[in-house]
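First, the structure itself, so that you have it in front of you.
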Amino acid sequence: QDIKIGLAVSTLNNPFFVDLKDGAEAMAEEMGVEILTVDAQNDAAAQLSSVEDLLIKQIDVLIVNPVDGNAVVSAITAAKDAGVPVITVDRAAEGIDVTSHIASDNVAGGEMAGDFIAEQLGEEGNVVELQGIPGTSAARDRGKGFNQAMDKYSGMEVIARQPAGFDRAEGMTVMENILQGNQNIDAVFAHNDNMALGAMEAIAAAGRSDEIMIVGFDAIDDAREAVKEGEMAATVAQKPGLMGEMAVETAIKVVNGEEVAEYTPVPLELITE
Amino acid sequence: MNNLNNNINKKNVIEILNKFKTGIGLLILVTVLSFMSPYFLTIPNLLNVVRQVSIIAIISFGMTMVILTGGIDLSVGSMLAFSGAVTAGMIVNSGLNVFVAILIGLAAGTALGLFNGIAVAKAKLPAFIVTLAMMTVARGFTLIYTNGRPISGFDETFRFFGAGYLGRIPVPVIIMFILLFIIYILLKKTPLGRYIYAIGGNEKATKLSGINTDRIKIAVYALNGFLAAVSGIILTSRLNSAQPMAGEGYELDAIAAVVLGGTSLSGGSGGVVGTIIGALIIAVLNNGLNLLNVSSFYQLVAKGAVILLAVFLDRKSQQQ
Amino acid sequence: MNNLNNNINKKNVIEILNKFKTGIGLLILVTVLSFMSPYFLTIPNLLNVVRQVSIIAIISFGMTMVILTGGIDLSVGSMLAFSGAVTAGMIVNSGLNVFVAILIGLAAGTALGLFNGIAVAKAKLPAFIVTLAMMTVARGFTLIYTNGRPISGFDETFRFFGAGYLGRIPVPVIIMFILLFIIYILLKKTPLGRYIYAIGGNEKATKLSGINTDRIKIAVYALNGFLAAVSGIILTSRLNSAQPMAGEGYELDAIAAVVLGGTSLSGGSGGVVGTIIGALIIAVLNNGLNLLNVSSFYQLVAKGAVILLAVFLDRKSQQQ
Amino acid sequence: MGAEKVLEMKNITKTFPGVKALDKVNFSLKKGEVHALLGENGAGKSTLMKVLNGIHQRDEGEIILRGKSVEFNDTKEAQNAGLAIIHQELELIPHLNVAENIFLGREEKKGVFIDYKKLYQNTEDVLNMLGVNIDPKSKIKDLNIGSQQMVEIAKAVSQDAEILVMDEPTSSLTNQEIEILFKLIERLKDQDIAIVYISHRLEEVFEICDRVTVLRDGEFVGEVETVETDEDELINMMVGRTIEDRFPKMEFNPGEEILKIDNLSVPDEIINASFSLRKGEILGVAGLMGSGRTELAKSIFGVFKTKTGGIYYKGEKIEINSPADAINKGIYYLSEDRKDEGLVLSLSVANNISISILKQMLKANTFINSASEKELAQKYINDLNIKTPSEKQLVKNLSGGNQQKVVISKLLSTKPEVVILDEPTRGIDVGAKREIYNLMQELIDKEVAVILISSELPEVLNLSNRVIVMHEKEIMGELDAAEADQEAVMKLATGRRSQ
């Protein structure tokens, strides 16, 4: 039979979500189902509108990667009202039940990074946190996990916290300025690899690569490369492509009336070499 | 004689076409889309589109007035976010009654707009810079107030304004049409409206005609802040969440709607009916491209191209 | 007589102060910051600031010329991203020689600017709308070309332009100063420069003097595209990666720099020396607030407030 | 004369959307002559000259220059062929300096750079030749209108053209400057340069022009030698009927004092002005360009906020802080600059007329009563004989004279008791002028007090019953109708105080 899947992505301006979308689309093709993708460009209101547009096209199931966990509730309600089951991917919806949620645990990922840094520094050192876009669940959760980890070690101190928009150029500028104001920095944790890579350029330009270890999040290609070269200490790998594939598989099961798990964690992995 | 008559008729036809050309543009777009997608010309989808347009439309009404006076307001998106956040905060954090909270939210937007107006009218600063600064400052306020986190969790009363219906008609659509009607009347039938056009046409002459132009400009910017607040509250209610980054970039959509609707960026001519059509063109385009499953990157190109084309055709027809 | 002399002297002093007031503003800012943070007034940090400013400064030079003609360009950020991506793609994907790739990147930016210029000058469309459309379209092109992914992996030759040094001076800083010098001379000493001012001052009169104003406007927009490309290539080289969303929002920083530098938004007066000071004010402010560890939310408020204050003082001093 | 023809324009037709500006017009020009081009507002004088200079393209007809048929696609081509034009509206660049303006588009270059040394030298030369004292390096925006006009003249003269068009060059010049210009014209004639001279001031035509061509409603009416004609004939040709006298015989019946200005000073604008004004009189204000007459008027009208001294109205001291205050009290100021300060060009005739009293025409206290607005507009269209297809016509489509009548209607609509008319007849033709004079008589008949500012001395002298004269921001003296003649006024205007 013809299955029509709607996929609403938060933004395609970030390779992470391009991977997610590519994974989903590849799986859809393999399974011979139709998939319609819309992109909210990081605007919660635009996401609601584009989900409404998908519902007009009478999709059988909605996969949504929320711009924001709270704001997405309206879109999910609209889908449910139209009798369309919903699967969330990468970020969760808050305060509403969905048929299935597929994501890595960002809090756990943040904590994983924090523990790694503490361990490497012998539980003592000054750390800089480069935050993601304020208000996004990724920034919130990774920050939460990371700071939970930091609180565990009395010798670890977060000496600067600045948002850098998940953006590479901003990551570099913010890091440059932080470097000017702080002579003793032992590590940087960035909420994503883009910012980590920007910070890495700033640190290299300041000639302080040897003193400062950098940990990112996402394991995008450039970051994996940097870890291999020893320029970054680690990156927390998510598997966006896999997430996309799993979401489509789950979606098809839902349409066919099969049982699916409420939450499917996608494995996180700390890449250190 | 006959010839003359013909000429007059031809001229009249052109004039009428000119007057409604934005509408005609919209009609053509709608026709094309209804051939290309079977989903497009259905009642649910059309309701869907007008509901989607309401947020941008309401700010572009205010923007129309500002631009009519020869000004500009880049801060609408930030004022929208701030008012939404304040309203949400009053409900969720301070536990105020929904209506009181809404009043406070509206007052917040109006106050920011008032500040813009005073800086433009009294301190004689360029509107572009004043509102650029306000865009940054109000965003900062919003982030500080929300601490960068969305504020969520409203009861049904509040959700009514953004997500409710009266009959089959979504509440935001009704609010939008009421505001459209009020502002249309204000612009066309009241002295304030006339003065708005006069200031955009020739501020000096208007002042020398005994009109307190400063007060009118201040009123217009304040009103614009108020309308941004209305939009912000509707959006917050519709999303069930006040997003600190809400409304980012909306100023450009609003300005595009105003200009597509035939209001001159240098002020003095145009109106709010054109603006709603301009806003609809943008919304229909977004909706249509989604229905046609155009990839979002190509959508950007298409959107830009259509705006350019529309303004180009508008210019052409004026030259005739 | 004595009185008169006094008056003249006083007038001269005020005039000179007026001329350099942006510079004085910068000086005050620097002084305050050096008291507040011990790190601020150090050679490494100052080099750091000028290196940071170079990207925005180079686009704001182009923006200065555009604004001098009475226009505006909202598409610089997108043109920057597109040129950077094209250059990177030519090196990484097509394996071209670095210099050939750079030429192609520069040509790409210039071509987009040229399109803006033709639409503004020949089709007589409002610059605000043309460049707003280009902002969207060029971003779309960049995302399509890169498929939303950064392009990375350059050799040392290419990295030189963004990350290299000549002596202790970062290469982007050198490029910036060379461009500043060239554009300064162009504006002050060549007929083209005079015509740019003339068009902004009175386009009709310029045309009546037998000058092909269309051609000049086209040249200015094309030049602006070229400078955006230079910026884009430097940024790509410096980041070691072409980011599809690079340069988002830079247009507003560039416009703010131009206006802070004393160039009138209505065209006809101002210049590129003021612009670099304006750009430095913004950069010093960003840097200082970071050094002082001011939370980024409060930074937004501070930045907006300083811009407003600067323009307000500028206005005050002009009234005297 | 009998000199050879350098230029012949034959059967020139030019249509703008909705207007036939020129209809088969003929015009010819001889070497070394000054040829006046006359006609009412909107007769097509400027348009004909713009067609000649390649600014507009003609629809039909032929231009023969030195025996050859020519076609100019833009001003550059016309310049190259030896034509130059002084535009009616000042066309200068405010932020460029005098030298840069004069040689705009014709800069001497050293390599790719402008040769500033030569530029300033050449500018000095031209300005010296004109005999005016203007610094080549000062910016245009810092010059007064008279000097700006001289720069415009220098710009045209510096082109060494063989044919020089002057479109109302004297409308903002002082008498001395006009003399300088006329001497220059004599010298240019001696160099065999042909000059087209457009002006609404007939006495100038008789002073310097050799021949006259008259246009009416875009049509050629006739061409005469100046020596063979007189004012009456020219006016007849221009308006198609005779106008009794240029000035009506005004009848005054002054009543009680209504306005008293006592030691009024505004920093940088006005020094210690004092005078009084009675109902039903016309107080003329004379003075050279830049003497501060407009500033005096605007000070009374509340345009400037900081001031010292007092304004007494109907015996009471009043505060006027804005034009709105003044209008509410019954004082109305008609600006000298109708495009910039008088009209909202993008609004209709009706909307412009009603703007000052809009709040007195409300329905339900809120909405504009469009029926009363229309009625008001039609009353004035009839009373003042405004030529417009309807009250809905946009003001920008009206000719200058009719635009001026719209501004006056706006003034009248407020039923003012004191009116200040600043250059009420600037740039409008004889017929319209006469109508405005008649209107002034009607105003004083209704006991309105009038202050008349005019740069045309005959106007001030013929229409006022008292005259005050200004010089460098100060009132130098007051003359009554009997004492006021050209000589007495000029003495005061040039700074020699009356005892």
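By letter and in written order, the chains are A, B, C and D; residue numbering begins at 1 in each of them.
The definition used in the following text is that a residue touches a chain if its C-beta (ideal position, glycine included) is under 8 Å from a C-beta of that chain, and two chains touch if they have at least 3 such contacts.
Everything numeric in this text was worked out from a predicted model, so none of it was measured.
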item	value
Set of chains whose contacts include both chain B and chain A	C
Distance from chain D to chain B - Cα centre to Cα centre, in angstrom	43
Separation of mean Cα positions, chain D and chain A [Å, integer]	71
Approximate Å spacing (C-alpha centroids) for the pair chain B, chain C	30
Where chain A touches two or more other chains, by residue	12, 134, 163
Overlap residues in chain C, where contacts from two or more other chains coincide	143, 148, 296-297
Contacts with two or more other chains, residues of chain D listed in rising order	none
Contact pairs between chains, per stated definition	A-B, A-C, B-C, B-D, C-D
Chain A contact footprint on chain C (complex, rising order)	37, 39-40, 42, 44-45, 48, 52, 143, 147-150, 152-153, 163, 235, 238-241, 243-246, 286-287, 290-293, 296-297
Touching residues on chain B, where the partner in the complex is chain D	185, 189-191, 194-195, 197-198, 200-202, 204-212, 268-269
Interface residues, chain D side, partner chain C - complex	55, 74-76, 79, 87, 91-96, 100, 104-107, 109, 112-114
Chain B - residues contacting chain C, complex	74, 119, 123-126, 128-130, 132-137, 139-141, 143-144, 148, 252, 255-256, 259, 265, 296-305, 307-308, 311-312, 315
Contacting residues of chain A [partner chain B, same complex]	12, 36-39, 41-45, 48-50, 52-54, 56-58, 68, 70-71, 73-74, 77, 94-95, 133-135, 140, 163
